[in-house]
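Next up: the structures, one after another.
First chain A sits with chain B, and in the next complex the same chain sits with chain C.
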Partner chain A sequence: MGIALNTLLMLIVAISITGVINRCRAILAGRKGLPFFQHIYNVRLLMRKGAVYSTTTTALFRIAPAVYLGSAIVAILFIPIADLNPLISFEGDVICFAYLLALGRFALILAAMDTGSSFEGMGASREALYGALIEPAIMVGFATLAMFCGYTSFADIFAHEQSFNLHLTIVMLLTAYLFIKIAFVESGRVPVDDPRTHLELTMIHEVMCLDYCGIDMAMIQIAGWLKTASLSMLAANAIAATGCFHWWFATPLAILLTGLSVGVVESTQARNKLVRNTTFIVTISALAALIFFIGYLLQLNINI
Partner chain B sequence: MHYYITNNTSTEAVAIKDIPEVEYATLYNDLKERLKQEQYHVAHYFATPDENRLMFYIVLLDDKEHQIMLARFAMEYYDDIALPSLTALHPALHPFEREITELYNVHFGSMPWDKPLRFAEARRNRNSTIDNYPFYTIEGESLHEVNVGPIHAGIIEPGAFRFICNGEKVLHLEIALGYQHRGVESEFTSTNNRLRQTLLAESIAGDSAIAHTSAFAAAIERLSDNAISDSLATERIVALELERMAMHIADTGALSMDVGYQLGQVACEALRTMTINTTQAWCGNRFGKGLIRPCGTNKPLTKEKVEMILSNVEQISRRYAEVSDDIQSSPTLLSRFEHCGIVPQNEMQRIGGVGMAARASGLLRDIRSSHPWGAYNTEPRHDSCTMHDGDVMSRLKVRCEEVQQSAQRIKSLLEGYTTSEKHLRPDYECNLKPSHLSFGLIEGWRGEICHVALTDDKGQISTYKIKEPSLHNWLALALAVRGEGISDFPICNKSFNLSYCGHDL
Partner chain C sequence: MFYLGLLLTLTLLVAALFIAPLRSKIWVAFTTVIIAVAALSYPAITALMTAHPIVLMQAQGPIFGAENLSIDSLSALFLIIIGIAGIATIIYSRGYLAQYLDKKSSVHISLHYAALVIMILSMMLVVMSSGGFSFLLAWELMTIASFILILFDAQRAEVLRAALAYLIMMHVGFIFLVAGFATLHATTGSASFEALPIAFGQGKTILLFVLFLLGFGMKAGLFPMHVWLPEAHPAAPSHVSAIMSGVMIKTGVYGIMRVLWHISNTQELQTIGFIILAVGVVTGLWGVILAALQNDVKRLLAYSSIENIGVIFIGLGIATLGLAASNSIVATLALCGALLHIVNHSLFKTLLFFGAGNLYSQMHSTHLNSFGGVAKSMPVTAILFLIATAAICALPPLNGFVGEFMIYLGMLNSVRDGVNTLAAAGGIIALALIGGIVVFAFTKLYSTVFLGSPRDHHVAEAEEVDNMRLAAMAIPTAGIIIIGIAPQLVIRVLTNIADGLIPSATPIISGYITPTLGRVSLTALLIIIVIALLYMLKSRAQRSRTIEQGPTWGCGFTSPNIRMQYTGESFSENLESITTSLTQNTVEGRAVSKSEIFPSAHNYHVRHKDKIDRLFTEWWVELLRIINKRIMSLRTGKINHYILFALLFLVAIFILSLFNIL
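This part shows the complex of A and B:
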């Protein structure tokens, strides 16, 4: 029962975040904006369309969306929602989660190179660079949780009811902040990337999908929602763990955390210059290292 | 050397026989020296067949003395003497010499690179087509070429951009244009219907409809000895400034959009709509088509319209000031715009940049102050705004500043404006003086627009030459992105916002 509810709620989170972002942007721009579920209608439309493939591409190009979506689906099955249990859980699944995301990215990069387009090649090179730079942040973030809680599975890390504890609160809040930052990068949002731009030369994630259409494009978009949802849910769990550790608190929190923060940032900020993205992402890794260090010191029970 | 000297306030066309015909060597030596000075620049330089000769006309502007200098030289049709190229010394002349070479197969000696300009329909070499454009290439293991266009996303006109990059860094950008060539210049001479010609002038470049039609009307009025009334001249300038405001505001919004800054984008889009709707409320068309007509107007300003324009412009300028303050003080935007796409002043002068892009680099090229016409001749004189850095931010600041100047100008022109009772209707039937040369020189929002019309001995337009500021400034864009990241190309491009169809004609 709990497992089914957990999976269902994850899907709801994945669907809702994009809607919240769009609504938030529309309100801040003073526009009427898209309907909340417009992105679902768009994907439904894509699913009904056939696909056209460039003659230069190989099977790699056709497999990639399925790999990307498949890895994202498996990845969200690891994530618990506060006190609910996830479908899959085993010792060390945090590592598996991180590299499932990496696998999806790797498939998409190969597919982009496969098209032989100069745009997509540039996109792939950018995605590979940023993917490599954000990886330490993700791993160190998980390491902090694992070290602090003593488990290497998401279900265990969050499941063991923690009594209120100042040290835990500090570490959890910092980790939540880290995961939100990572979600910005992973889902290609301002200030790192701009999903709305029509300028191929400035794109990162979008440019890799230029040659996709129809069902493949739908798969890529759904995978993107799932990735964002899983990272957002991790952040929400971390916050919920500090006080109100219930699924009815963590679920809306996950939607609003990413939805509102992305919406506000995208409305009020410009994108980074591309060369500054590396600095931005390395800073996230540095932040992760700092949080790990704080977690370590707190665990030694030094009085602060 | 002797030139025929006139200025932009003259109401008369110039008899072709009065323009001194010189030897090319004389002209070459004179221009060689003159163009070294910032005060001179060439507004137009073209060739046209004249019986069995090829006649070259040059329109030289003296910004300091406010003079327009005309000269011509001839070449026998079967001569194949290579004229020494001025482009080799002053690259600013490259579009003119390339056009002459393309159209008439006249080769200038030591011309650095006479690649085709726009693949005009009337070109001599039919084998030279846009499909075999001679792109520049560099060999190198670590270099890659990125080709963008000629078909772009969205509603951008066609034009091919070929980048040679080292990683993300642009080493060289080559811009291949000509896809929009419609043969506008020859259309002007293919009809005697003045209304049709006016409509052609309106469609030279859709975003500068008012400026181009004003230049056309000025040329026709000079040729037909029809001096327009002061009130009509004032109305034209109000329309021109409204167009400038609308385009500068639109570009501010577009720049915000390209860096993903939503608030600036939506605010500017709303203001731009308000500006073009003001023009629409005046003349029925948002881009001012139908507003400017030779020798008269169909849409005279009434008292109600004056009040409407004044109150709208007041509101736009106040709200735009808020947006531009916001943009100029936002750190994330400054980090995108500053030190990006720099064209230094000396480069700008060398390549003959004009208009607001030149002013952003500190090169004062502004027909409103250097060759004032109509109401720009009255106090207060136009005080051009210049910046010094020549980066995207400077071009943005020039825009912000000029919107306020335009609003101020419209206000001062309309506040003392008395609507005259009898307005002349447009005159499409007027006779043109035979064998005369006439010009229209206007500062559009993008820069100087120069139209030159020649009539034959029956008083019909035999040659019509158009120069859009984009003709010069496309090269400035190519220089601006050198050494920049390729991902900054869109904002550099948007900061110039050049016209494809204005270049291709």
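This part shows the complex of A and C:
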């Protein structure tokens, strides 16, 4: 029961975040804006379309969206929602989660290069570098959780409400912040990447899927929602663990946390110059290491 | 007796290879390796399943006294790796050398096969020897044989240079090994590995360990002793690179593990654990960053071997630290991860080099930017290469993931249990960064070579290689898939090896690691099923839609051409911009400058050379030059100066003898 509810709620989170982002942006800009479910209509429209495949591509190009979406689907099955249990859980599943994201990225990079387009090569090269640089942040984030909670699987890390503890609160809030930042990078949002940009030269994620259309494009978009939802849920869980550890708290928190923060950032900030992105992402990794170190000091019970 | 037998066998073997007709030489070599593998497989499997070593024979060497030739579980694992890679290599060599049979003399081919067989046999001897003279002899045989193998294309100047550099560096390492064994013999009266605990008891641990680390590390390609690898591999024929990179460099790891197995003092284990971890982190990061910058298929693969040795050492380091802190779970996880990574790397690296061999034999190039779109002309090679690429990127559901999973889990457990927290966290950061950049390097390699459009007409006209070579490639592929999908079965094989180092490894493996890997295996199956299902659903849905073919979308640009594709160089341009300090670039030709509005034809070629390369060549030469310059200033050409020098010399002798120093 709990597992089914968990999976269902994850899907709701995945669907809602984009809606919240769109609404938030519209309200902040004073526009009427898109309806909440517009992105769902768009995907449904894509699902009904045919496809044009480039003659340069091989079978790999057609399989890649399935790999990308498949890895994202399996990845969300690891994520618990506060007190609910995920479908799959075992010691070390945090590592599986990180590598599933890598699997998806690997497939999409190869697919982009398969078209032989210089634009898509550009996106692929950027995605590969940013993915490589963000990896330490993800793993160190998990190491911080493992150190503080004493487990190496998501389900155990977020298994029970911890009694209020200042040290735990500090570390959990910092980790939540870290995961939100990672979600920004992984889902290709401002300030790293701008999904609304209309110049291919400055795109990252969008330019990789230039040659996709129809169902393939729909699959890639859904996979993107799932990835964002899983990282966002991790952040929400970390916050929920400090006080109100219930699914009815964590679910809306996950939606609003990422939805509002992305919406606000996209409305108020411009994207980075591309050369600044490397610094931005390495800073996130450095931040992760710093959070780990703070956690380490707090665990040694050093008075600060 | 043993040495006489060895000499006789090798002579007979070489004679048989030289006598055999040109096209049957391969079968003589194949039969010899098969006989060796068949003869050793029973004792090896027995040794792997039981905890007791099996003594095959005794060898009485001219120095260091008697040694045993025996198989224990650790040597058995390496024997299996050598056997599998050896058989695959010989099968592969038939197709690869076929094009040389008319060009090279029969003697040349015989010499090559003799060296190949002797190298495989000597690697087997290395892992069976208990140390001392027989070990050094086998080690030297292995070096000489691989030197001859690299020399196959000796008419090319760079091959000669690479082979000589290899020979010299291996002998520098050899000196350290001799020093190590001599120290051991002087302290304990025996030069076998079994005598190590006695020497370690006398406070010589760090000295001996460092000597062996330098000696074995040279073979393994540890930073900064790795510089021979990226030179030797592009020079050697591909099947030779495959066995050298897949197996031979692992004998260095084997040697270090042998030494490590006998250290029991916790304090010293702690120190050595830190050393191994630090060396692993530096080697891994250096290897992977340089790999990502290379634009030559085989050089990229060679750097990636360095990176994988780094990963293995990270695992070993964490295992040693876990052992020092008597945290058996951490130690067992990391050790099993490292051992499995040794097996894994021998599989996918062999496969990758075979793939590079296919490319070279069909298109006579290993330069990334001369390929493109090979997947269309060589589909089977492309699929097998893709499997190996995904495996080396440690992606689930393949074998590379399982090994790194265990090393990660060991480090996460170490962090969780609060033992060596910061060291383990450093390991996590390094391994994560390595993992990320490996994906970068190998997507670059795969996509530039196999995807996109052909950049050269040779590539467009290439054909798939013969079935024999594909069959040879299928051997490692099977291993990659089996270990990836059913790791919980393979891990049992490692139980006895881990037990030799870690007292309570058996219950941990059966009670903790096996069930966890069972879950990993289920996840791997789930991934495959989900992906297959999604793809089927998509294909079904698309059946009722209009599916068209067209040119790649040019973003409004109407005349894109093949030369506009992303090349290897442009793919790694962004990484290069943040790692310029690690390399030294040699540039040929001139790049198109931004002010040229209508650029003319340009020829531009960059090679990212390792800065460490200079450490072994130019820095020393430079130093010698400076010293010589100083000394040369004494040569004034004036007779009175020379008389002064003679006088000073006499005075110096006088003073020294006055103080009884001479």
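Keep this in mind: the second predicted complex is superposed on the first by the 302 of 304 C-alpha atoms of A that agree within 3 Å, B and C clash if a C-alpha of one lies under 4 Å from a C-alpha of the other, contacts with A are read in each partner's own complex, and residues count from 1 in each chain.
Note that a contact is a pair of C-beta atoms (placed from the backbone, for glycine too) under 8 Å apart; a residue touches a chain by one contact, two chains touch by 3 or more.
This structure is a prediction, so every number in the text was calculated from the model and none was measured.
S.K.: Classify the contacts of A:271 with the two partner chains as first (chain B alone), second (chain C alone), both, or neither.
M.R.: After superposition on chain A, A:271 lies in contact with chain B alone.
S.K.: Have a look at where A:91 lands relative to chain B and chain C in the superposition and call it first, second, both or neither.
M.R.: second
S.K.: Classify the contacts of A:119 with the two partner chains as first (chain B alone), second (chain C alone), both, or neither.
M.R.: Both chain B and chain C are touched by A:119.
S.K.: Quick one: classify A:56 as touching chain B (first), chain C (second), both or neither.
M.R.: second
S.K.: Is the number of chain A residues in contact higher for chain B or for chain C?
M.R.: Greater contact footprint in residues on chain A: C.
S.K.: So in the superposed three-chain picture, is A:200 touching just chain B, just chain C, both, or none of them (first/second/both/neither)?
M.R.: both
S.K.: For A:167, select first, second, both or neither according to whether it touches chain B, chain C, the two together, or no partner.
M.R.: After superposing on A, A:167 lies clear of both chain B and chain C.
S.K.: Please report the chain A residues shared by its interface with chain B and its interface with chain C.
M.R.: Shared contact residues on chain A: 118-119, 121-122, 200, 275.
S.K.: Which residues, counting only chain C, touch chain A once they are in their complex?
M.R.: Contact set of chain C toward chain A: 372-373, 375-376, 382, 386, 390, 393-396, 401, 404-405, 408-409, 411-413, 415-416, 418, 421-422, 424-425, 428-429, 431-433, 435-437, 439-440, 443-444, 446-448, 451-453, 512, 515-516, 519-520, 522-523, 526-527, 530-535, 538, 541-542, 545-555, 560, 562, 564-566, 570-575, 577-578.
S.K.: Taking the complex as given, what residues does chain B use to touch chain A?
M.R.: Residues of chain B touching chain A: 144-148, 153-154, 168, 256, 258-263, 266, 330, 332-333, 335-336, 340, 485-490.
S.K.: Mind listing the chain A positions that touch chain B in their complex?
M.R.: Residue list for chain A touching chain B: 25, 28-31, 118-119, 121-122, 190-191, 194, 196-202, 266-276.
S.K.: Sort out for me which residues of chain A touch chain C in the complex.
M.R.: Touch residues, chain A against chain C: 47-58, 60, 62-63, 65-67, 69-71, 73-74, 77, 88, 90-96, 98-100, 102-103, 105-106, 109-110, 113-122, 124-126, 128-129, 131-136, 138-140, 142-143, 146-147, 150-152, 200, 210-211, 214-216, 219, 275, 278, 285, 289, 292, 296, 299.
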